[in-house]
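Next up: some structures, all given as structure tokens.
In what comes next, subunit A is part of two complexes: it sits with subunit B in the first one and with subunit C in the second one.
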Partner chain A sequence: MMREDHRIVFDWLMESGWEEVSLVATGRISDRFYSIKSLGINHHCYDMDPAIVRNDYTLCDVIFDPITLSKNIINFNAQKMYPIGKVHKGEFIIIGSADKHPGDCNIVTSCQQLIDQNKIHTVMRTIEIPNYSIVWGCND
Partner chain B sequence: MKLEIFTFKWGTKYGPEYVNRLYGSLLRHISVPFNFTCITDDATGLRKEIKTLDYKTFDPFPYPKDRIFTREKLVLLNHSMADHNMWIDLDVLVHGDITEYVTRDLEKPTFIFNHWFDLQKRTMFNFGRGASCHINSSFVCWTQDRGKWLYDYTMKDIDKIAFTYNSLDKYLFYRHWTKGNLGLWEDGIVYNYNYDNPTHEMKEGYKIGLFNTSHIRINDSVSDALELHEADGWAKELWESYDA
Partner chain C sequence: MRYRTIVSYGDVMTSFFCTLWGDKYSIDYVRNLHNAVKRNYDGEFKFYCQTDRELHIEGVHELPFGKYKPIMDGRFPDKPKLNFWEPNCWGISGRKVFLDLDVVILGNLNSIIELYSERPIINKSWWKEDQGVQIDHIAYSALTNGSIYVWEDTVSTKVIWEHINKYDKFIFFTCVAGSDNYLTTFHLDKFNFVPRDKVFSYHNEDPVKNAVLCTVETISDEKEIHQLNSWIKERWNG
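Let's look at the complex of A and B:
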């Protein structure tokens, strides 16, 4: 069964009308995200963990490495990184956690925090569920 | 051939005896001439042969100390470009000849690799969580200006780096070890007094023991992790012998 925050993001992705998307800092995600091509959405994934070995991944850090992402971006782990909207422009769905796991440098406690950090000027959706804040919006 | 050696003493965690004994250990275990400089906010009690620099004006990074902790070490890569250069932390015990290492012609700035941990089982297992580190910056050497790129890289991206990394070692591990940018001391030189198995023993054939405790007490709840001044037996005797 898909995690609640990922289920919400998947539902938003289905509503988005996007034809392509960059899936960023995925960690472990449901296979349903990998099968979205069959739904007409091309995807490519980016993660820094070499334990993830798949052809649809680029092993990198999207904040520091010179990577060009799609205009549509899902960031699954905002709590572990510098705000992606300060580095990339486009339409984002961003999940941030308040769990305070080791290695988290950006504890996310609200949607407004994600909006401010990523310079989101047009907000499509927001939702806060226990421990997670999720924002869909644009900064370009 | 010129060899420049640096250490840092700031705050009150370590007294002047740490600096003086470190210097004494290097005199005993480096067989070529060198300059020894302590970057400090309080030079009281240091041996007169030790040069000093003012710590208060040495750290140019406008961030709280808990961001890229000990980042000021990187300034040395821009400050010292002698034939051979080295920084070494106060909480280490040098007990073997290290001349061969500190006078090597190094292509890259060379750091400690935590050989006492299992890279795959411990470090890479947690890599994706951002919680791993397999680099230690307690004993670092570089040749001429071959470390300056690291200082320049850091200054260029300092906002992102300071936001992301709480410690220098983690920054080095995630940003530079993964790219192959760092030299690494081979196993057989440095061990960890508090982590190696068995703990608290001098590891035969090795040259330097690390006595750092902060990560251990926080991350692993090891209650018997000891600083140099808390150790007894062979470590205490040897450390105190460097007063002479």
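Let's look at the complex of A and C:
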């Protein structure tokens, strides 16, 4: 069964009308995300954990490395990185966690925090569920 | 203000550095460290302190903060330590040794400094390795322990400085606990380490016989050196 936060993001992705998307800092995600090409959405994945990456991944840090992402971006782990919206422009779906994992440099406790950090000027959707805040919006 | 370039060759001159800001440590820490270097280093040296205070300690040269100031914003609290990686910073070149103020020198420093061979030397939190502490977290955990650096300006230290300059805003956000998180995450392969038998962490492990250096780093509510009632405080006082 898909995690609740990932299920919400997947549903939003289905609504988005996007034809391409960059899946960033995925960690372990459901295989359903990897099969979205069959739904007409091209994707490429980015993660810096060698244990995660597969053939359709680029092993990198999307903040520090010179990567050009799609105009549509899903960031699965905002709590682990510098705000992606300060480095990349486009339409985002961003998940942030308040779980306080030892590696988290950016504990996310609200959707407003994600909106402010990522300079989101147009907000399509927001939702807060236990431990997770999720925002869909644009900063370009 | 211009600084005279001090060039050293071989063992002619070693430049020792520390840094003092805020109210965590008093000027006594600088004085004791300077005295400890005088007692435990054989060779010609100069002693510098990067600080915003007037120290009035004979033999201690005060240096202004380099590019990175002690801005306390809750992240990367030891930003000014990065200034030491700037090539020829303050016009000083040659063999350089940085020491944290919360170290106690127990033996002859030459036995660490003379291990230098092209790669910078840094201390390692050996106890974390011994105890299997997980160190793969960029934000908080570190394998390096920057209580001592021994280095000269080389191509690899230039790479470190250029990386800092290029990514400083990302680094300061991401490496929450500071310079050791940064060096561990991005530059671990550029360093040699202080040997295991020359250093120990006072609050985290048993003393190592004949160690040269004792680090008294405090992470939570451990006591600082001046608060201890222990042999290590006596050694610190000289």
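What we mean here is this: the second predicted complex is superposed on the first by the 139 of 140 C-alpha atoms of A that agree within 3 Å, B and C clash if a C-alpha of one lies under 4 Å from a C-alpha of the other, contacts with A are read in each partner's own complex, and residues count from 1 in each chain.
Note that in this section a contact is a pair of C-beta atoms (placed from the backbone, for glycine too) under 8 Å apart; a residue touches a chain by one contact, two chains touch by 3 or more.
Everything quoted here is computed from the prediction, not taken from an experiment.
Aligning the two structures on subunit A places subunit B and subunit C in clashing positions. Looking at the shared chain after the overlay, A:Pro50 reaches subunit B, while subunit C stays out of its contact range. Legend: residue contacts after superposition of the two complexes on their common chain; A:Lys37 is shown touching neither subunit B nor subunit C.
Contacts of A:Gly27 after superposition: subunit B is touched, whereas subunit C is not reached. Judged by the touch definition given at the top, the superposed model places A:Phe64 against both subunit B and subunit C. For subunit A, the partner touching the most residues, choosing from subunit B and subunit C, is B.
Legend: residue contacts after superposition of the two complexes on their common chain; A:His121 is shown touching neither subunit B nor subunit C. Comparing the two interfaces of subunit A, the one with subunit B and the one with subunit C have residues 63-64, 80-82, 102-106 in common. By the touch criterion stated above, subunit B contacts subunit A in their complex at residues 124-132, 157, 160, 163-166, 174-175, 178, 219. In the complex of the two chains, the subunit A residues touching subunit C come out as 63-64, 80-82, 102-106. The touching residues of subunit C, counted against subunit A in their complex, run 75, 134, 136-141, 167, 169-170, 173-176.
The part of subunit A that touches subunit B in the complex is made up of residues 27, 47-52, 61, 63-64, 80-82, 87, 101-106.
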